[in-house]
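First the structure, then my questions, so here it is.
For reference, chains read A, B, C, D and E in written order, and residue numbers begin at 1 within each chain.
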């Protein structure tokens, strides 16, 4: 039985994990979900690695909401670097779902991005475990999460 | 018996470790605390790793106070990257508690931030070891340490 | 029989992998190609490592198309760092083929760069596995992929 | 018998190692000092690791003098990151003693910083090996090396 | 018999490896030189690691010529970080010899820097393997490669 890890933070201002978990349950049955919550994004890399190594998750979704200040950008960069490192040490995918607080002008806009991005990446996680060929069918088509797809480049532009 | 490591610096201008230790003792009994002090924040990553591997700590709190110059920001970034790396090599959490000298306008303000951030993260350390479900109850609620909580995003904004 | 891995993304706006695969097939027979598609460039490092360690690829081509915003530059940097790390952990080459969305003024220009860069690096991959001495013959000659070669420095300038 | 490693560079414009070695000899007897010199600061991380793993040093002091240009700052950052990594791979402390060429306005000023910083960190190395509790007594007191101590924050400011 | 590895690129616009190899042969007999050429500087870290681990080189010289654009600076930084990492994983020195295309105003100037830097670091590689004490005699004397030595700081300035 597949196991999907969910790592999220108390720093985030929206419960993105709830969205991701709901999407996974809608998409596929018979999956065990293991969730761990840490203070901030810099605590996510080891939380994800523990979900893989101690909880035997096949894939992990790491959700966070970095602040809008310069130092928050640095934190997010450090977290992302650590998440990539955790993947290299475990040979498992960890999908990073970060919403930066300056991506939306209002709370409403941020919430919409958070919901869409969490759900789209939950779908990606399911595809990557159960239907990897579906990923390749979507290759090079300009998919985005949180906002509208960019779509493929077209020769006529 | 749980063991909590405390790593701090002689560079810092306030004894943040004392606050964290006091908070841990107030929150929970029967915990062994092991403390190591190093010159600056760049010496913290290996100090934390040694606390985990040589002193068998279950979690570590790393406290530091980077200066306000550009080169201090770089030092803090290098230290943070190393602290994340140390966690990935040990599968243990290390809570980074850094107060940047330019976060407060006066000594008084800096001291207040240092006290609050040290104590709030000490509480997080205790939660993560003893009551991990309490972390998940706080997920996505905009918690901050050192300053007032940001709180959750609200649909009506 | 040589095995070449191809890792690409759904974020990219052009199917660069198709170009690389076609070029490899034109250049050399009897090669097995294994392709995996992930959401974005930050997912490529572990995808490449898995192609090497789980699919026994001798070399991997990692194709991606980072966006034009500052945060996309940071993502590309994190991905590149991870791809270098993946190589160090496996002792295999991974050729990074990234086209930045701001490299071309029009869709047409971007497509041309993407095609040329993917094909030129596919040729490099074939050379590196089958004809490594051909690489040394080209050493220091100012080769470029995606755009015109810079050529060697000349004493007379 | 304790072994202290000294790694320095030919790029530096002052013999900082001589100061550190003299300070160690004044502070404590019966210590073996092993010195290795490399071209620049980016060669220091592996030099330090070799001093620990091949020469069995208990602690290493890494001395360098990065230039004043932007690219020198990048070199120093890469070196620092590597020095932290070397510590994590060996579980030994490496005290980084870098003097940036733009820290002083005149040669004289730079020499003074180099002498003081080298000697103060030599004292730290001795404390960390022989008298670790002395480090904790100095925790949070705003110690600096190379320049005057900042001292502790005071409530009345 | 000592083995020296040489890793260079097809991106570079001057055959720096030829200069380094010639200098090594002039300086010392009975050395085996193993050369590998890769596309660009980001491919150098693993090429160097393979020279050490698969070709049993005692030291490696990594030669490259990053372009003058901002993204080339980022590539060089990623390559340097990887080269330091490769050293830490092998406990062997890799001397990085990078000439940035904006270091010289003319092709002629760039060629002069490339020749001098490649030859000076070839001498350093020979010293580090055969005459390590000669490195320490040069410690703190402001040596440069590619341009004139800076020389030691003098008290009278």
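Note that in this section a residue touches a chain if its C-beta (ideal position, glycine included) is under 8 Å from a C-beta of that chain, and two chains touch if they have at least 3 such contacts.
Nothing here was measured: the structure is a model prediction, and the numbers come from that model.
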Chain-contact steps, minimal, separating chain C from chain B: 2
Classification of the chain A:chain B interface as same or different, half of numbers criterion: different
Chain D on chain E, rotation in degrees - Cα superposition, rounded to nearest 5: 70
Chain A and chain C, separation of their C-alpha mean positions in angstrom: 25
Chain C and chain D: spacing of chain centres that average the CA atoms, whole Å: 41
Multi-partner residues of chain A (each touching 2 or more other chains): 81, 85
Chain contact graph, described as a line, ring, star, complete graph or other shape: ring
Chain order, ring traversed from chain A with chain C following: A, C, E, D, B
Touch list for chain C against partner chain A, complex: 8-18, 35-39, 42-43, 45-47, 49-50, 53-54, 65, 67, 71, 74-75, 78-79, 81-82, 85-86, 89, 106-108, 110-111, 114
Residues of chain C that touch chain E when the two form their complex: 73, 77, 80-81, 83-85, 87-88, 91-96, 100, 121, 124, 128, 132, 135-136, 138-145, 150-157
